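One structure follows; several queries about it will come next.
Chain naming follows the written order as A, B and C, and within any one chain the residues start at number 1.
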Amino acid sequence: MEKADRVNFMKRSFDKDDLIRLGLMAVASAAVVIVLFIFAFIISNSLDSVREVGLWDFISGSIWRPSGGEFGAFPLISGTLLVTLGALMFALPLGLGAAIFISEIAPARYRNILKPICEVFSGIPSVVYGFFGLMVVVPFILNNMPGATQGESWLAGSFMLGIMALPTIITVSEDALNAVPRSYREASLAMGATRWETTIKVVVPAAVSGITAAIILGMGRAIGETMAVLMVTGNAAIVPEPIWNMLSPVRTLTATLAMEMSYVAVGSTHYSALFFLALLLLFIVLLVNFLSNRVMRRTKRKFGCDVKARKKALLKLPRSRIWSEYSHLIMKAVFVILLFVALDSWLGLLYGIVATVAVLALGTAYSRLPSGNRQTVSYFMMATVMATVILLLVLILGHIFMRGLPVLSIDFLTQYPRNAGLSGGIYPAIVGTLKLIVGTMAIALPLGIGAGVYLGEYSRDSRGTRLLRAGIENLNGTPSIVFGLFGFAAFVIYFGMGYSLIAGCLTLAFLILPVIIRTTEEAVKTVPPELKEASLALGASKWETVTKVVLPTAFPGIITGSILAIGRAAGETAPIMFTAVVAYQTRMGSSLMDPVMALPYHLYYLATNVPNAQDQQYGTAVVLLLIVMSIFLAASLLRQYYSKKFKW
Amino acid sequence: MSIILAIAITAVVCIGGMSVLGGGSSEASETELSVTGSTTVQPLMSLFKENFENVTVGVSISITGGGSGQGISSAAQGTADIGMASRALKSSEKTQYPDLVETRIANDGVAVIVGSNAGVTALTMEQIRGVYNGTYTNWNQVGGNDATIVVYNREASSGTRDCFESVVMSGSNFVLTANEVASNGAMKTSVANNQNSIGYVGLGYLDATTNEVTVDGVAPTVQNVTDEVYPIARGLFLLTDGAPTGWAGAFINWILSPSGQEMVAEKGFVPL
Amino acid sequence: MVNEMSNDTLIDIKGLNLWYGQSQALYDVSMPVHKNKITALIGPSGCGKSTLLRTINRMNDIIDSCRIEGDINYNGNNIYAPACNVMSVRKRIGMIFQKPNPFPMSIYDNITYGPKIHGVRKKEELDRIVEDCLKQAVLWEEVKDRLEDSAMGLSGGQQQRLCIARALSVSPEVILMDEPTSALDPIATAKIEDLAQQLKEKYTVVIVTHNMQQASRISDYTGFMYMGKLVEFGETDDIFTRPTQELTERYITGRFG
């Protein structure tokens, strides 16, 4: 209103610009609406079971037996946490080592190759990981691990999740290490520290908040992961016995949802109980996000160098004298005990003791080395870690391409499946995936870009805006299976869309919306203010400035971010498995209300339902990989193209 | 403040819009055929529905679950046009609802399969139950090799598990350490990959690669299921109040036709 | 005076050429650094004075494209000899940077960083080093009650003195200062200058500076560099009062093109 008063000599500008502003605001608030929707649907659907079972019994109950009316989620919660923990134990050393190698050790020209290679990991759809786990890792564990009676296990799940968390951990920690000011390194080197000492004692501690973020992000990805764990953990709803027995089968919350949602009777207690599991999952993820924010704030205060932290740093760090003096000893003792327990449980008492002593002896020998030699040994170890990471990637991709590429043929790509998928092609799955991509883009791009432009250009810091951002933040951390559940309850059942293309597109659009909003906002914010001011100074309206100056300038950022999001959507299985896909189609529907086939689900279906269709399985995996990776490749080519063309 | 208002407005618009979108398809005036009952039959019924609606104009079928008991009572009381049941009518039900007509549309048979090193080819019902409730943990306890039994089970909402549980387990619970897989195919793969395993699949999944065992001496074959001598089997029934007529009759006839029975096989049940 | 010069030469730079990739940054530089004196390097931006400074403790090694010819003799040993241990060179020749760069750790940990790297483990020993170095850097009184606080909370001038204390912690013989006051206000600058004067009793100091007044105030010897070449080197008084080169004269009198 006040704006209208100020510019009343120019009547036209009020209606248009303010309408646009309101419109964009509405679009942005859609993000919050979606979060509210999701919570509302999940909470309201879960109430019945909580009422029936009781909240505490539900969470602490140790038996999950829906057919007998027993809903004890404790083994599922512990399964989720254990698998995540195991994944971290595996991904942390590998991820950090690789990040250190890329950022601190590798010569510059290799750095630019290694990082994209690691990013390829994140382009592999989770169902492909699951497929690889099922075909390679599970049999490997069964045949090679001493004491294994079966391959489906916590170990297999953690291994797969660890690989999946690697790209996040590597790229985010590498960014953090890279961002450590050069002056810290110089200061350390100038004191006669070796490069390795500089890395370990200065660079890594200085980057600790970024590395923490990397770990938490990786952990978030692992907790919410569905397909890969579902296919390899055995899904027995038990707490391993003993608790560190990684060869025991376990079941995660996500796997339970994916397995039991498909045929559960709508409206039953079991149905409601599944929604409560989704709520638990959401709660865990939100808790992790919350903790990560706190940890990051604290570590920033301690190590960070931004202005805000500096003021706070003037306050004395609360640290007891005793702790600071004995912390080293305590940490060492804890490490030795953990090491001993881990090795013991794996190798048995006698060999466990021998192995522990051996590890400690090696460690002591290492620390006694002259610093130069220690650097050589450490560099060698980091290089080994890097090589392992690359080897894993080559192994996964190589295995799938070697067996899948020969299957590809014109017929395979253009024919309908026959004989329940045993023979014939995957034409409808390819088309279905493309339809899903296009539909998802049609919904997510306008909403996401509109909301991003609003946040980047129009919003002020108010309570409403903070609510918006919180909504987007939470939407971003939500596991994809929860989107699937929500899509089922909301679109398929409540709005009566049934299993349909439109329900799948809406669900996927909600999934990628936060990514598009964020990249748009960031891209818009990087447009130099001088440009905007130049346009405004020429008498252009805000909206004209946005459309003619800001958006074209921000376009490369927006487009690459959006393409990456689409790539993610294209490979997702969990969100579409209860909303849009059918396993088998002999003719394709033409309307938005018809269900579709899709490559990720088709691969899941073939891998778990049609055991003899190995050729078809590998062929589908290759086509899926090719589509998703070409999307990612397109994004990175575009980024390179634009970064050469424009430079700010 | 204005943002919160905008959020509220957007919410209303979204819900309204999607309701219209979703409701759009059922606007045309069609005869509605309501089907309710067994969740085992439900997925099969969904498949029937889709395909029947594709070949027929003027009918729309709505399906709800609720269990066999509810299917029987709803059909008898006329709250549903067709009831679904995964068991035959009990004699008490027959006297209570004399007009109720049951039509068998498919059979459901479950074969027990074992890994290559189990060393058994025949098990009794009691032995299978013992393996699945945790009484027996080594194959040598049921006449096989000395090896730990690795038990595979289906997920909780599976109809195959439902059939297996109702016939074999007779009230005792599945051992908690059993692995769970989400489909017949996954079961087959898992059992094939682990030489000490035991699992169960729909009859349609047996082939040269599976090691199925006889149950109480009877082999799991389609013939034995049809003859009702194989124990882990049951019929799937539709119930109508009086002989099926009109759309219900047309629908049930189509189900019994070759194209309907093809769907039966596709879902892993035994066609008639 | 002239005779003494050769006797107390601690570092002797001889015929030094340096390239960054294709472009040459130093041309045939030769000069001595005298023990327990302050040697200043002056010259316009980009003349190579910082580059020259960084060759003395081999900090240019961390730049991949950097290539060096010539010798730098330190106590009679060529630090560019293949057998030379870079780490021990840097331990003997400390460095202070243009911008204060304390590590994001506590004040205490900043100073004990170097000694720990070089093998000092005992708590009492470390405590002694911290107190001693902070006193030498005239910072002890200001921070003795908050050694566990983050060093990032200190003011710019305090941070720079902390960096000096940190450099002293590994008992170097030489301290290289790369425009150490350019990021500081006049008061902090004066403190650092006083400190440099005190330090030369125990250490040899080489300082790169933009500020000619600073060079004339605190240094004993001055080298003037231009376009990668050492134009003139001599006692500070001589350079500032009777330069032999016209270029030097034009520069110090501010008549510089």
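As a working rule, a contact is a pair of C-beta atoms (placed from the backbone, for glycine too) under 8 Å apart; a residue touches a chain by one contact, two chains touch by 3 or more.
A quick note: this is a predicted structure, and the numbers were derived from the prediction, not measured.
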item: Most distant chain from subunit C, judged by the mean position of its C-alpha atoms; value: B
item: Which of A-B and A-C has more C-beta pairs touching across its chains; value: A-B
item: Averaged-CA centre spacing for the pair subunit C and subunit B, given as whole angstrom; value: 83
item: Distance between the centres, which are taken as Cα means, of subunit B and subunit A, whole angstrom; value: 35
item: Between subunit C and subunit A, distance of the C-alpha-averaged centres to the nearest whole Å; value: 48
item: Junction residues of subunit C, two or more chains touched; value: none
item: Subunit A - residues contacting subunit B, complex; value: 22, 25-30, 32-33, 36-37, 63-68, 75, 134, 138-139, 142, 149-152, 230, 234-238, 248-249, 251, 258-268, 270, 420, 462, 464-465, 467-468, 490-491, 494-498, 502, 506, 584, 593, 608-612
item: List of subunit C residues in touch with subunit A within their complex; value: 57, 59, 62, 64, 85, 87-92, 94-95, 97, 99, 101-106, 113-114, 117-118, 123, 146, 148-150, 152-153, 163, 166-167, 169-170
item: Subunit B - residues contacting subunit A, complex; value: 1-4, 6-7, 9-11, 13-14, 18-19, 21-26, 39, 42-43, 64-67, 148, 150, 155-159, 161-162, 165, 173-174, 176-186, 188-190, 192-194, 196-197, 207, 209, 266
item: In the complex, subunit A residues that touch subunit C; value: 107-108, 181, 183-195, 197, 201-202, 205-206, 302-305, 309-311, 313-314, 316-317, 319, 324-325, 371-372
